[in-house]
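Working notes, structure below.
By letter and in written order, the chains are A, B and C; residue numbering begins at 1 in each of them.
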Amino acid sequence: MTGMNAFIHDLIAYSPQILTGLKNTMLLMGIISVTGFFGGIAVFYLTLSSRKTCRIITEKYISFFIGTPLLVHLFLMYYGLPELGVRISPLTVSVIGFTLNVSAYNARYLMTAFHGLDRMELEAARAEGFTPLEIFCLIILPQTLRRAVPSLTNQVIQNLKDTSVAFLIQYNDFFSQIQEVASTNFEFFKAYVTAGLVYLALVSVIVVLSRRLEKRIALPGF
Amino acid sequence: MTFWQILQVLATGAGFTILVTAASMSAGLLIGLAAAMLSRIRWKPVQHLLVAFTFVFRGIPVLVLLFIVFFGLPSIGIRVPPFLSMVLTLGLISGAYLAEIFRGAMNSVNLDEILAAEAMGMTRAQGFLYIMLPQMFRFSIPGMINEFTSVLKYTPFAYTVGIPEIMKQAMSLTPMIMRGLEVYLAVGIIYFVIYKLCLMCFTALEKRYRIPGLSAD
Amino acid sequence: MALIEVNNLVKQFDDKIVLKEVNLALDEGQVKVIMGPSGCGKSTLLRCLNLLDPPTSGRIVFKGEEITRPGVDVRKLRQSIGFVFQNFALYRHLTVLDNVTLALKKIKKMTARKATEKASYELERVGMFEHRDKYPAQLSGGQKQRAAIVRALAMDPAVLFLDEPTSSLDPQMSREVVSVINKLYLDNVTMFCVTHDAFLAKYISDSVVFMDEGVILAEEIAERLFYDHPDPRIRQFYLGVIDMK
């Protein structure tokens, strides 16, 4: 039991650092959830383009980012770009890398939702004289977004969990700070389990919030 | 060193990458299947246990679980070798996701068919084995492919515990030739090739065993 | 001695009594059709007889053995009762042939070759042999029900139960299935058939049992039930059935 007390004591002693780490984790998660959301919509829009080359390139983009590990993209930018004289901070690298990844996933969820859409509605909108962009914004997007809510909120949870990867490129996130604590007192098990519990708690918060969101935006017949 | 040579050096790690992926996916399938089967037991304690299982392993980041298993467990006296740590981590996490996929797929199976099997004199076990399982697997294919992709993409973490897979090769090569850009580009390409090849195999398999009227969508 | 004898059969779901002291007998080679309005308990009766729904009380004797006593071998009983469902319940992941052979191989422990031979013979009987390699999704409703009948028949059951075999079919396909069942009737297959279909009842029955609210009101040959029966409830039911046609 004294071990536990000592460990808690250490956690408290390091709490400013840990809180900064937690703040950085939330910051990264917040940014990439927003950029990934809008990026996803943009990519989704491109998949519906009337130009074949545009559609093919977009498909390739999605396929590449779904098929290759995020860590590779981060390392490529963090360790590779300095050779070209481009030196960017871990946060910027993470934001760019995550945004490209998350956008690809979100676009895919929106595409799946789009497949379940009633094509006659789009025909009707075209017949009424709406432009393609208007049809996208007024008819397609509101419906696909609504249908994709469970996947999109799941992606936010995924974002939170995946931010822990950023410490591998020296981003001072929550997990990196927990590592610091662990490496000073050698209580690896307790430290990592604590980290796990904190992530689980944060996931629960997102789950509760997304349930509320789902209820709020629910429409009859959806 | 040409780009082609870089690819060749890195490809020596591909074997480990594929091994880790295959072993983790197998572990995940077993764990997921067991959890999905247990979920049919309407006994409260079992249900609570399964809810906790899925919540924990779907909620915890891969890297955190890996560090708990590999760096954490030894400090309470349990030493887990690197390969096993990786497989255990990815197996538990993908198992939790696959359990949900399987559960959903079981709900797509028509219970009247199971009833028909029992009306002919089959036992519950036979009905499960011959009717439920074959159909459930077919409904789970898209979900299983997604999960496989996810497992493959988490394998680079194996370098953190010292498994000589692609990423580890890349990290030891980079400081030697000082060409990180090319090295990591090559890593990306190799992963993409593995991903595409596996996807092609799965699609071919799925086509081969496709049954009219029985697909997930 | 009757093949199936039912004495004072009662079935209760929660607080709803579905079958009230039903008495019934079926001889070997006999075909009985059970008719009655929806929810009269006729489908429940069939499901009680092969213990898919365990009866609340009463006695069922099958081949001289009381099957309502505890410890009876339910699986053995069900193997000798073929069951055909309203919605076919074909195994969607298996071809027509495999649908028929599965139970032969797994329950009757036949070799694959024997099972295929047996299944082919039975499929030929109902004109389904040419469709043996198709999956259920590739069949019409009538073909599905014929395949389901073959699946039950191939087990060589002592009796065939048919639970509304034509009610999810359109008239054309329904006729297809009626003619198959009629053929079985002429081949002296023992059958218990629950139906709404007066056409089916007329063509395949030795006698028709009329049920309402869990009670058997009458049991007679089809003609006598259909035309001007003294019981007003039965008269009304048949007027309704004929109206629907």
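Criterion: contacts are C-beta pairs under 8 Å (C-beta built on N, C-alpha and C of every residue); 3 or more make two chains touch, one makes a residue touch a chain.
None of these values were measured; they are calculated from a predicted model.
A.B. asks: Just how many steps, at minimum, does a route from chain A to chain C need if it may pass only between touching chains?
C.D. replies: Each step joins two touching chains, and the minimum needed here is 2.
A.B. asks: Taking all protein C-alpha atoms shown, work out their mean, then name the chain whose own C-alpha mean is nearest to it.
C.D. replies: Centroid comparison flags B as closest.
A.B. asks: Sort the other chains by how far their Cα centres are from that of chain C and give me the top one.
C.D. replies: A
A.B. asks: Consider the two chain pairs B-C and A-B; indicate the one with the greater count of contacting C-beta pairs.
C.D. replies: Looking at contacts between chains, A-B has the larger number.
A.B. asks: Can you compute the centre-to-centre distance for chain A and chain C, using the mean CA position of each chain? Integer Å is fine.
C.D. replies: About 57 Å, centre to centre.
A.B. asks: Nearest whole angstrom, what separates the Cα centre of chain A from the Cα centre of chain B?
C.D. replies: Centres of chain A and chain B (C-alpha means) sit 21 Å apart.
A.B. asks: Please work out the Cα centroid separation of chain B and chain C, and write it as a whole number of Å.
C.D. replies: The computed centroid separation for chain B versus chain C comes out at 46 Å.
A.B. asks: Using the touch rule from the top, collect the residues of chain B that touch chain A in their complex.
C.D. replies: 55-56, 59-65, 67-68, 71-76, 149, 152-157, 160, 167, 170, 174, 178-185, 187-188, 191-192, 195-196, 199
A.B. asks: Tell me, which parts of chain C touch chain B in their complex?
C.D. replies: 50, 52, 75-79, 81-83, 85, 87, 89-93, 102-103, 106-107, 135-138, 148, 151-152, 155
A.B. asks: If we count contacts the way the header does, which residues on chain B are in touch with chain C in the complex?
C.D. replies: For this pair, the touching residues of chain B are 110, 112-113, 115-123, 126, 130-131, 134-135, 138, 211-214.
A.B. asks: Name, in rising order, each residue of chain A that touches chain B in their complex.
C.D. replies: Residues 64, 66-73, 75-76, 79-84, 157, 161-162, 164-165, 167-168, 175, 182, 186-193, 195-196, 199-200, 203-204 of chain A touch chain B in their complex.
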